[in-house]
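Chain IDs A, B, C and D follow the sequence of writing; residue 1 opens each chain.
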Amino acid sequence: MNAALFDAWLRSFARLVAEHEDELTRLDSAIGDADHGANMNRGLAAVVGAIDPNVAAGPLLANAGMTLISTVGGAAGPLFGTFFLRMGNVLDDVPFATALRAGLDGVVQRGKAEANDKTMYDALAPAVEAVEKAAADGLSLPDALAAASAAADEGCAATIPLVARKGRASYLGERSVGHQDPGATTVTLLFRSLRSSC
Amino acid sequence: MNAALFDAWLRSFARLVAEHEDELTRLDSAIGDADHGANMNRGLAAVVGAIDPNVAAGPLLANAGMTLISTVGGAAGPLFGTFFLRMGNVLDDVPFATALRAGLDGVVQRGKAEANDKTMYDALAPAVEAVEKAAADGLSLPDALAAASAAADEGCAATIPLVARKGRASYLGERSVGHQDPGATTVTLLFRSLRSSC
Amino acid sequence: MVGMKKLINDPADVVSEALRGMAAAHPDRLRVDLENRIVYRKDAPRPGKVGLISGGGSGHEPMHGGFVGVGMLDAACAGEVFTSPVPDQMMAATKAVDSGAGVLHIVKNYTGDVMNFEMAAELAAADAGTEVLSVVTNDDVAVQDSLYTAGRRGVGVTVLLEKIVGAAAEEGRPLQEVADLAKRVNDNGRSMGMALTSCTVPAAGKPTFDLAENEMEVGIGIHGEPGRQRLPLAPAREIAELLVDPVVSDLPYQQGDSVIAFVNGMGGTPLIELYVMYNEVAQLLDRAGITVARSLVGNYITSLEMAGCSVTLLKADDELVRLWDAPVNTPGLRWGA
Amino acid sequence: MVGMKKLINDPADVVSEALRGMAAAHPDRLRVDLENRIVYRKDAPRPGKVGLISGGGSGHEPMHGGFVGVGMLDAACAGEVFTSPVPDQMMAATKAVDSGAGVLHIVKNYTGDVMNFEMAAELAAADAGTEVLSVVTNDDVAVQDSLYTAGRRGVGVTVLLEKIVGAAAEEGRPLQEVADLAKRVNDNGRSMGMALTSCTVPAAGKPTFDLAENEMEVGIGIHGEPGRQRLPLAPAREIAELLVDPVVSDLPYQQGDSVIAFVNGMGGTPLIELYVMYNEVAQLLDRAGITVARSLVGNYITSLEMAGCSVTLLKADDELVRLWDAPVNTPGLRWGA
């Protein structure tokens, strides 16, 4: 997997988020503070603007992570930023699934989310597991990413009935039930764009 | 004309204004600051509460005027207050039409309004003139007051097309056209109640 | 009882309860006569000092009660919402703050305020022999000062005047000098305001006017009255021009002038927007070659919960700036003390 | 560009233009790094003084930028509206205000703020060897502090803390002492808020939540998030009880306690209503035998143009009151200077 693929991923992710900005903000209005769409869009526009075509895949993602950390703010900035940063730090030396896992570990380390806390973790973790399983099963990359994207979608949809226990939505208690987590929704775009970039 | 008649007038005026409070405020919303109904109602409630059944007609009205000055505020307080005060000051010594004229003169002295300035003057002046004319023509009191009330109504309606030149409505310039003056509307209630009290 | 979005109990009790709240919140600096609805500087009357009184309808907070204290007003009379107080209040306040040096009435130019203050001054002079002078503020350029209007409204300059004249009175200057200064401040100040939304008079229970989502009123006063013009909503940059241009060209303020620049919120506009506006105003003044000697940004002369703002300029010389900088200690304006 | 009732230009420019406005309005006291969106006390760093930094999303003005100045903060980092600033900002501010005495980060307890400040502290310590301590405010009793939430939000106490700890830092106290004091203030303060209306995030362009004419949200934070409960609109008297009771019973505050009482407006609520609320709050405290040592009434920690209010109590001993009374000179809070 070469840098061009990840370059395409970042651009495609940025495009998808831009297209879904209003939806992400609408979801964040229901159980948060109505800024998730604008935050991610601002950060990803900066990421795309800072893409260096001459670096390897690892530094490419690590730079994207640093840019997100420096431009997004809020909860999503450090979390998505750490995800790309940790992934990029190891990407050139380990299998793709391992790099994804490193990214996920970074998110957990920063945010301490567990399964069913109704956060981006609930979409990200199943997607990473799906890639790991696909790798273990010897699936092709397109098949692996299709499985990952489906797992992210499923995990995201599964946040709807949950009571939030992390982040801003947790302030709502029971009132958070019935709403889809905005960060998890962004994760579905992350894997949809990854899949379409391969 | 004895004190009982003026006692009845004040009570009837207070009742009519209370009934029309919302309408007066609505009129004042369009070209003023939405307080005329509340102002007049507050003041007239105080007037009724302070009626002394043992005084003559003159002091009765003069007291009412003082009470209005002390409780209404705004433009209407000094103007309606002065009207009753000046009227009361002479009522026991002069014909009724002369007392009304004294009240009107007080209003003009305080407020400097002229005809067609779109103020209470535009209803009050024709009403006073109607009583004067009726007296000169030797009409009965009921007939005189019927004429006065009709003149007030007509004068009030005639404020609608005018551009305001006094009071708060004058700030609106041309935008004051098409609205009936709230203070003139109150004057119609004043003469309607006077008529019904005789 | 409750039928509008306000933190109130009975609409009839808003003014007296707010005064109780002021009394409870500022016992160190204020004394409140709840019966007469007068906010006093705690240590009034000050021997030898000219007494400064203002007042007007409520709903403009912090004006005027919030401007009572050292270096500003000695007393403020509170009327009902948007309704001038009555002469009895001004009379009582006048007597209470007169130390023998006389009293200045600071009156905003509205028919009701002017008439009620006039009656009070007549009565106070006759009654107690108190020497009373008055200044009437009329700085609102949205209104033509002609035979066809009640004259210009007193708006933002009133706040600057109360501060500056308050400092002069605090220095012990005589009544006539204080009154002359007040007139000079008024003559050198101009204002213009606009609204994004109407306000709701508690006793009326509904908005004074209706504005569509894409409309604004330009040339409004501070009583929720509609403005001179209804225009399509515009960016802050254009709104700043709509307010600054008529103000600057009216006095006129000229290249090389030094001003106190005041961007005021109408009550429902948050500070972040007022700073956005101030940014625009400062740029316009800069381009016109007008220097900002001092500035004031915030909600100081308001119209209940109305969203919108006004811009006030006051041509400032060294004396006015010195008096502006003098210590003031009121709930609404405080520095150097 | 314009599609909501705000005094702004492009929603994307609100924060930077408001910062420009602050810079233009307060050149005597503030220095604004527009690129990094940091508001500095003009004379920072002060030799030997612990540097105090706070920051957070914009839309809460005057907090935090308006609390920069003598006796309060040395720097404030402004994020986008309702979005925590990024670590680069806190790092830059930390380095700039460190005189060698170390820096205290005052962080409101929100996941984003905590993570971004944490990253900044890690980087600053590694980078420049600056000693950084942090205090996280979490005074909002509307939220359960349990495994099932992100913990209590930092709200009104943040304002009181920045003032009190600012005074201690001004006295030259060492970092650990300043941090301990900050923790003590946070531990002794509690808040609860409510909304009559939603606010509109400029970039979102529409209200964050919809409330019917006869509804209110109780237990809200300061980011326009819906509250814990939606209730029928109620008179100020009942709203005061809904806010004061859970605050008083939480610490708990007890008969004989002395407090700093803070009635805060959410941005769109005019002062007259806040005084009506303060009147109710003062009566409730009086009935509970709690003495108000000092009070603060106004719009200090806001949520854009949201209408509503919050009540904060801080148990106050002589030291806290003395530090509260110490001179402060910021655009948002000023006395004794």
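In this text, contacts are C-beta pairs under 8 Å (C-beta built on N, C-alpha and C of every residue); 3 or more make two chains touch, one makes a residue touch a chain.
All figures in this text were calculated on a predicted structure; none of them were measured in a lab.
Chain centres here are Cα means. That of chain A falls 73 Å from that of chain B. Chain C has its Cα centroid 54 Å from the Cα centroid of chain A. Measuring from the averaged C-alpha position of chain A to that of chain D gives a distance of 31 Å.
Those residues of chain C in touch with two or more other chains do not exist in this structure. If each chain is drawn as a node and touching chains are joined, the picture is a simple open line. Contact between chains, using the touch rule, shows up for A-D, B-C, C-D. For chain D in complex with chain A, the touching residues are 57, 79-88, 110-112, 115-116, 119, 142-144, 147-150, 153, 201, 203-204, 208-209, 221, 223-226, 228.
Residues of chain D touching chain C in their complex: 1-10, 14, 17-22, 24-26, 58-59, 61-62, 66, 196-197, 213-214, 233-237, 239, 267-279, 282, 292, 295, 297, 299, 302, 304-305, 307-309, 329, 331, 334-337. Residue ranges of chain A in contact with chain D, taken from their complex: 25, 29-35, 37-39, 42, 69-79, 110-111, 163, 165-168, 170-173, 175.
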